[in-house]
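Next up: some structures, all given as structure tokens.
Next come two complexes, and both contain chain A; in the first it sits with chain B, in the second with chain C.
Moving on to the complex of A and B:
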């Protein structure tokens, strides 16, 4: 199985090389598409694993479970499932490498060894430890036990969670988007060495870059400091936007709906505005000028909580919740096709599901942009608050703080 | 909250942090920095070009104003010259008229005096001739009339009679 992964990685990483050496001729994008499709489809045949106990997803409970499963990360790239003529359930997709930090050190194997099991029934023995996968989490069984046992709330009792550095579906998404961004934007950057105004796809990208710079970075951070932070804001904006859009494709990515991903993004913003905060910023947090001395420590606690907990937490949860909710709503509306089949008939349920999910998907496309915009915008605002010059004027400074506090309060809602 | 914590995957968090850090670094180095630099260059280039165009326009306006001013001056000068010429002409005409009048008067006077003197001379001549002629005629008449004695006596008598009347 490792061979397949290497082939997959080759197909992914070869793209920039191809671009440099072989694809100077016509229609490079078409070739990319072909390579990409090949890299996906060439694995379809390898991962067909029979799963007797599962049938097609049709009941309400199964739909709930399927959605719950979807919005979580996955250790293999699952494209679709079907039941063949012999009545066997087939899954089409390809496995991804699992990298674990277990009690016996680093362990790596392909996720196909779990045979698409998610109920903790298949036990993989590697490096002296036994691993099971239960609800997209990998647990290490305590030595001596052979079966996963649960308490009343379905929490495993005889297994511990391991640090999981696997190349999961989300990591694949992040890598894909990262490479895509590197390729697209470095080619835009290269265009500027040859001409003043880019052509082709660069003409679409340039206004977006200018939009982030002029509508998000410059007004919120200020003319003096914006240049330093625009690179980060541009990266985050396009990263979130493209991943949000990727989440709307049927490939099943839900990267920006992973709390670990949004947490990392929020902590990046936290670190940036904490370390670029100037003297006035810290003074306004720790020892607010212009208010009675007794109130200052209270304000300091509130401000510290705001700066280190509320702001990053709001960034993290807003993105996570919006994208997860979007996925759940779209999938629930698609599931109307099965759940309302009995009461509305096949045609009615399908039509209702199609119409509703179509419009919700349109809204989700808007939300994909909006959430990227809001995250970037708030990051810029927080950075701008940290680097703003207060001009030493007390009255002005106080008004400024009131404005900032109000703005921040609005943002948390 | 418990679901959130349960869903949080520390491994994915670490991987995402590393990948994002790398992505930010690479993108800033290979994409954003050159893109933003050339965008700024282009924008300042456009600004400069606009400024230069504005300056050129102003200069053009100045030139035009200068031209207009020069034209106005030239026109005024021409006007003044024309006026002067007209005045000179008028003056010359009136001067020569005056002179001609004076000259004419003088000539007329001379002619008049010449005519007068000629007339006088002619009159004197005529008078002389008439006197001579009348003397001759009188001589002839007297010679004729006083050829006989009676006639002479009669004349004397008449003359005497006239004297008496006086």
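Moving on to the complex of A and C:
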């Protein structure tokens, strides 16, 4: 009896024991991840402190302007500024290469030549043309002019936009995340040739990969086709998620808050579901069965607009607006310590701002995941609509499609 | 001025909609706890679509 009992015990506890062992092995990685995330979020409160060209930001207008500036892409990493003993304004950050296609051909220089100027005051002369940077956009001055002039709406009048291929902050973010994902996921994939359970940081990634495959890809695309699209969905999920989390670091990344980036991602999804759509998908868009003939063209227009405009537009705007709104809210709450300094006192305003911005940043960590999940989920849903097999869904033929509902009602009565 | 009123109306409408979605999902989960996963997925998708609409309107009306 004892022997059997021990065998039974072994069979019962073998798997939980193994799992507990695996958990213990995975815990340090998880703990490091959590500490890393927390340290990022804590750090932000100190380093996103708004600073301006002339001195520390204090008024509401300056805060608004600073936030507007942060939301846009930038040609350099601007970490912080301070005023030294001699009363000079010093900026700390690092420059990025600027590559322009001007009227005199290709020009390349480092963005440090602008000296963090964003008001069009510093003129850089390179390759026979002179450039100024005004509100994160680079303009080429017309020959003979020495400074930028504006019309009433603050548009430069004597300068033209140039084609800008610069390695901006967003480009750096995209390249960084691309390389990071290539490194981390290829090393994870390589581990499976030697062992069944990955070790190290792979233990954190494996459940996420399986989550995307089993919870997003498989149920929405269908058992038959999901393998082909899981690669894209995994890439887009981790790309958006990591970039959203990078947006919460003090480096000032706002990559998924750039409408160009989200537009490109939405266009990828559009191309994939348009080109993998089967016959039935196109039939249901252009000449849907079971609908009166007169209504079909009207519905076809609506369906076409839905497939080519509304779906990608909603994907694009949702991600862009959520991330931008999140950045604006976090920075506005941080700015409370300047705007409410007069009424609450230094300690009160700082405490209020610290508490509010800490909790809203925690919510933003959740939103970072949620938006990546929703983008992947909706992409999977749209792809699933395009590749779904509708065998047996339409039992009625071409002739009796009009009075189908009537029949059904009669049968019911 | 009218933009701001419109933005406020959008936010009110989206708030009512999100409340409906969340409340009904809660009811559904309370009635059938075993369907929690499916209800949550559907809830998040619909909330995301609503949010997309609200953000789109805010973005265009800004």
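Worth a mention:
Operating definition for what follows: the second predicted complex is superposed on the first by the 339 of 413 C-alpha atoms of A that agree within 3 Å, B and C clash if a C-alpha of one lies under 4 Å from a C-alpha of the other, contacts with A are read in each partner's own complex, and residues count from 1 in each chain.
Following the convention adopted for this analysis, a residue touches a chain if its C-beta (ideal position, glycine included) is under 8 Å from a C-beta of that chain, and two chains touch if they have at least 3 such contacts.
Just so it is clear, the model here is predicted, and its values are computed rather than measured.
Applying the stated contact rule after C-alpha superposition, one finds that A:381 touches chain C and leaves chain B untouched.
Legend: residue contacts after superposition of the two complexes on their common chain; A:313 is shown touching chain C, with no touch to chain B. In the superposed model, A:232 lies in contact with chain B only, and not with chain C. Using the contact criterion defined above for the overlaid structures, shared-chain residue A:333 touches neither chain B nor chain C, since it reaches no partner.
Chain A has more of its residues touched by B than by the other of chain B and chain C. Where the contact sets of chain A with chain B and with chain C meet, they give residues 317. Chain A meets chain C in the complex at residues 215, 219, 313-315, 317-318, 320-322, 325, 370, 373-374, 377-378, 381. Within the complex, the chain A residues that touch chain B are 72-73, 101, 137, 163-166, 168, 170-171, 174-175, 178, 181-182, 185-186, 188-190, 192-193, 196-197, 206, 209-210, 213, 227, 230-232, 234-235, 239, 258-261, 263-265, 267-268, 317. Within the complex, the chain C residues that touch chain A are 41, 44-45, 48-49, 51-53, 55-56, 58-59. Within the complex formed with chain A, the chain B residues making contact are 4, 7-17, 19-20, 22-24, 26-28, 30-36, 38-39, 42, 45.
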